[in-house]
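You will see chain A twice below: alongside chain B first, and alongside chain C after that.
After this line comes the complex of A and B, so read on.
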């Protein structure tokens, strides 16, 4: 594989190289053409347009006009938007903090040599293939102050009434638990794939060196699942940061704006109020946040080595 | 003794996580089978009133139909592209191949942001407020990962089989059609199910591209029920259970290949 690549780059300096490339690699290029066209037209081009629209005001039915950074200035002077960003960060920290440890534990359990444990790999994945609006209905049913089992159990235990989606703190907790419930299965799947690829001999020799359970985990298991952990954390971070459907189904951003994460705000501006300019500006912020986290993880966790 | 203790602890952990995973689902199904207040007549534990009511609503059946059209449409449009692209990535070396990493990176950017200009463009080309626009969005956002999944499945087929066929006079495309696809058929079905489930579950694209109530897909209708029905949990959970069944059944049927494809797709 490297040899073809080296050869081909050498040809880039010659005249007529594109014709040569075409003759030689026509088949793979043709096979990829539909996908590439699709993604250029409907993904790359609109992605670039988000930046263009964020600099314009586009009233419905009228021609748009250039307004520079006005949309951004408007947003960042708003207490509500700063609140949206904080709500997103809080949501992200909560979901990761809750789902990653549970996912790791679940991964260890389903990859253990206990008979029958493997079957739960499939069953535990169910929350992940359920639609966000469906799981939101399930969670709303559970926390209803009069009929929900979770609210009722808490009431019996403490003697107080719990209005989950009315009380701001409880609403935040509800969206976090809901999202963690949806996210942990994929993290578990990825981490379990890492666990099963660790050769048993490593544990045996660790035992010979006198390593106990914790030391085996700290020096064998954890380092060897680092890459899978990285992919899992990255994916869930990106999805949590961009989530609109899950939170919107559950609380629509309420009460007030307490659970209005950036995705929900964008959802409302774009699809309910049709503020194209503001929505595009929020989109740019969301893209920036996503890229920021990707770069941060790549740098700090230094993953990808040896891949 | 120690091994038994360990197995006991493992089962305890699995039990606890199992309760967390299944309690919301089980409670939802139970609620959907409970008679609405005041209509408690009849004996037995299972009441199908909620389901009967929902399935007698012509609008509900229309939403199901829309969801089927959108999800199947997305699968049928995306699968051929994913197969051709995935095959090219698995079996050929060519300049620019490294750019295929973009197929994994692009889906990490926020789809919801991309939808904003897409709405404007769909309006311009007259696709706004059609199911075709919803299908298109599902195809666009599912194809990159689907290509990567197909690539993984094709790579798992030994290339020698294909080489033997080309020596016998098969062209590469004939080899793909006659050798790789039959051998990778379970994998390809899993890729189709992956696209189907994602399209079935999504309401973002339908919300963005349609305004007519009769074009709503099932999750969008569920969202509307949530707003309109408030605390009619029997009706809500019955509708939710019906919406949950197709993905759950398809996933359980294809789980082995589905999971394999997921892991191949995330770069394992």
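After this line comes the complex of A and C, so read on.
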């Protein structure tokens, strides 16, 4: 009696078996093919080319040369690049710290049955649909020391001039507020989706158990919106880490290199200085940072999943 | 029944076949990269001249950007209309880019295979353009000009900047130099004689101190994140104290020299010691910090006031009959003085016109370029600043004391260092100055730190 292995080998060697498999399963694979091709074209290829160029020196108008890890070595020897990474982390913490609580409050408001919730929903979405460069110009206009309403109002109240884009601390605050203002609508939508899926009975039961507002939030709302929060925080982290246009339009990385986050540095190296190799190396570092944050969030927010 | 099955199988197969073919075609189509092959430059108009052709003109005139730009925009529209009327077989399509990005756009688009025709360019970046090869060699066209026509332009340092290894890649449209614009009325109020403005740096500083009161700052400057910071403020002082920004022999940055330290100290003292320059000069834009502030009466003196802003002084009524230039030009509320730095310690440049390497109609593009630089067209081009044509300077319109001061300023000027890494040098020095100013960082050490950083990447290149 032939063994199972022999039987299966005999099967696979049977003439026409491959043809049979192809005829039976080709349709789903062929239907998936366009997506796979598009993913390869728009995801795998650019990703591979970033890694490829990060190992090369590519002066414009000249052939590129393989330089190994020189671009990375050059970057990590620079105080400027380490400053860029710190500025990015500071920017990220600021944006998340400001936008997440605001998004939670806004989500509670638009999910509630209060009158005008629909109007708030529309109003809160406005920052998200405005192009970053346009909103950056809007912010710049608002904080202009001579004509900006925010700067003028503060000057009237306190009697001193506020140079938002000159003072390093105020410049950092300005880019954080701008980005948080742009980010919170998406976080709000995701959290609101989670909020609406929580059954009212859970709150009723919590009330019967004597839970107050904070306890209801801590033991009902927060755990049941954790997945949405995870997605929101992850998305905003990746966007904030890679943000260049908003910050560049506001401060161009200044004063000095105070607000030169990694995305802005990458933009300058690639599109102003044409240092493609260094820009690609910065891109690789950005990818690594994003992956690190993803793993971190999975560990922290994903802990206790399934309990 | 069997017939129906056959029909169904065939149609599915056909569907898959067509889908596959479509995908392959899409893939092949997407993979064909546009090639950056330059059309052969030919002085002869192409046969396509007989048919209507469209050429693109890349400019930087945004009427909303600054008070001066609306005049440039109006000039541009007039030029296009006049040219199209004169040459109905050629259409001109303007395309806008920011003034400080137009050079990069040309380079990037050349690499990406995106076509342009006539483009404005900066002489500071001609070395980079030449290295990349995004502009065509204009020499075959220019060789057809009469000798006098060439001499009319070739006196200008900008002509020389646009000539790289005996290849002419640009033609100047004017002379951009800077002066110190000052408010004559404020001079009188402060007890200073508006007819004898400061001639030395020390006199200028003393005047600035006397003029600073209330909301009015004595001396406006700009130290923001822009090329203007190095070109109009830091470099003139470095040159004034006998230093250089970059050494052409070693191709190393040298701005942390003793002269560089003195220059940065002067700038620091203006803001924090003498308090004659507003701290807001460290941010914002050059146009706002100098032109808008001067016109709004926030500055008694505006250093780095460009010849391209003469039109704005005229519109405000600060000067009369000066734009377009007339012999009766007079300084009324405002005047200009030659920048009080040492001879040669001033930056002069101008916009050049070039033709993009990927232009499909270089002959038509050159025809348009020639049209733009005709004396009658350059005459009232606000952003020309001052005449690029030497022959215009001897005309009566340019003999007023106002224009003679500008001519003196232009003669005193010099270009920026011809490094291919000029944008990086400009950004590095601007960031360095900002670091010194906003963080009150030690001057010598900070300059050295930034200079070392630049040299680590670009020295020798």
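Going forward, the second predicted complex is superposed on the first by the 265 of 307 C-alpha atoms of A that agree within 3 Å, B and C clash if a C-alpha of one lies under 4 Å from a C-alpha of the other, contacts with A are read in each partner's own complex, and residues count from 1 in each chain.
By definition in this document, a residue touches a chain if its C-beta (ideal position, glycine included) is under 8 Å from a C-beta of that chain, and two chains touch if they have at least 3 such contacts.
Note that the structure is predicted; figures quoted are calculated from it, not measured.
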| item | value |
| --- | --- |
| First, second, both or neither for A:208, with chain B first and chain C second | neither |
| Partner chain in contact with A:144 - chain B first, chain C second, else both or neither | both |
| Partner chain(s) touched by A:34 [first = chain B, second = chain C, both, neither] | both |
| Comparing the two partners chain B and chain C, which touches a greater set of residues in chain A | B |
| Chain B versus chain C as contact partner of A:157, first or second or both or neither | neither |
| Partner chain(s) touched by A:254 [first = chain B, second = chain C, both, neither] | second |
| Partner chain in contact with A:271 - chain B first, chain C second, else both or neither | both |
| First, second, both or neither for A:238, with chain B first and chain C second | first |
| First (chain B), second (chain C), both or neither touched by A:168 | second |
| Overlapping contact positions on chain A, where the chain C interface meets the chain B interface | 27, 34, 144, 271 |
| In the complex with chain A, residue positions of chain B that touch it | 6-7, 10-11, 13-14, 17-18, 20-25, 27-28, 31, 80-82, 84-85, 87-89, 91-95, 97, 103, 106, 108-121, 136-137, 139-141, 143-144, 147, 172, 197, 200-204, 207-208, 219, 222-223, 226, 231, 233, 236-237, 239-240, 243-244, 247-248, 251-252, 255, 259, 262-263, 266-268 |
| In the complex, chain A residues that touch chain C | 26-27, 30, 33-34, 37, 41, 59-62, 74, 77-80, 144-146, 161, 163, 165-168, 171, 251-258, 260, 268, 271-275, 278 |
| Chain A residues touching chain B - in the complex, by the definition given at the top | 1, 4-5, 8-9, 12, 21, 25, 27-29, 31-32, 34-35, 38-39, 42-44, 46-47, 49-50, 52-53, 58, 102, 105-106, 109-110, 112, 114, 117, 120-127, 129-142, 144, 147, 149, 181, 185-186, 189-190, 193, 228, 231, 234-235, 238, 241-242, 244-245, 248-249, 263, 266-267, 270-271, 276, 279-280, 282-284, 286-287, 290-291, 294, 307 |
| Parts of chain C lying in touch with chain A, wherever the complex brings them together | 12, 16, 19-20, 23, 27, 30, 104, 107-108, 111, 131-133, 224-226, 279-280, 282-284, 288, 293, 296, 298, 421, 423-424, 427, 430-432, 434-435, 437-439, 449, 453, 456-457 |
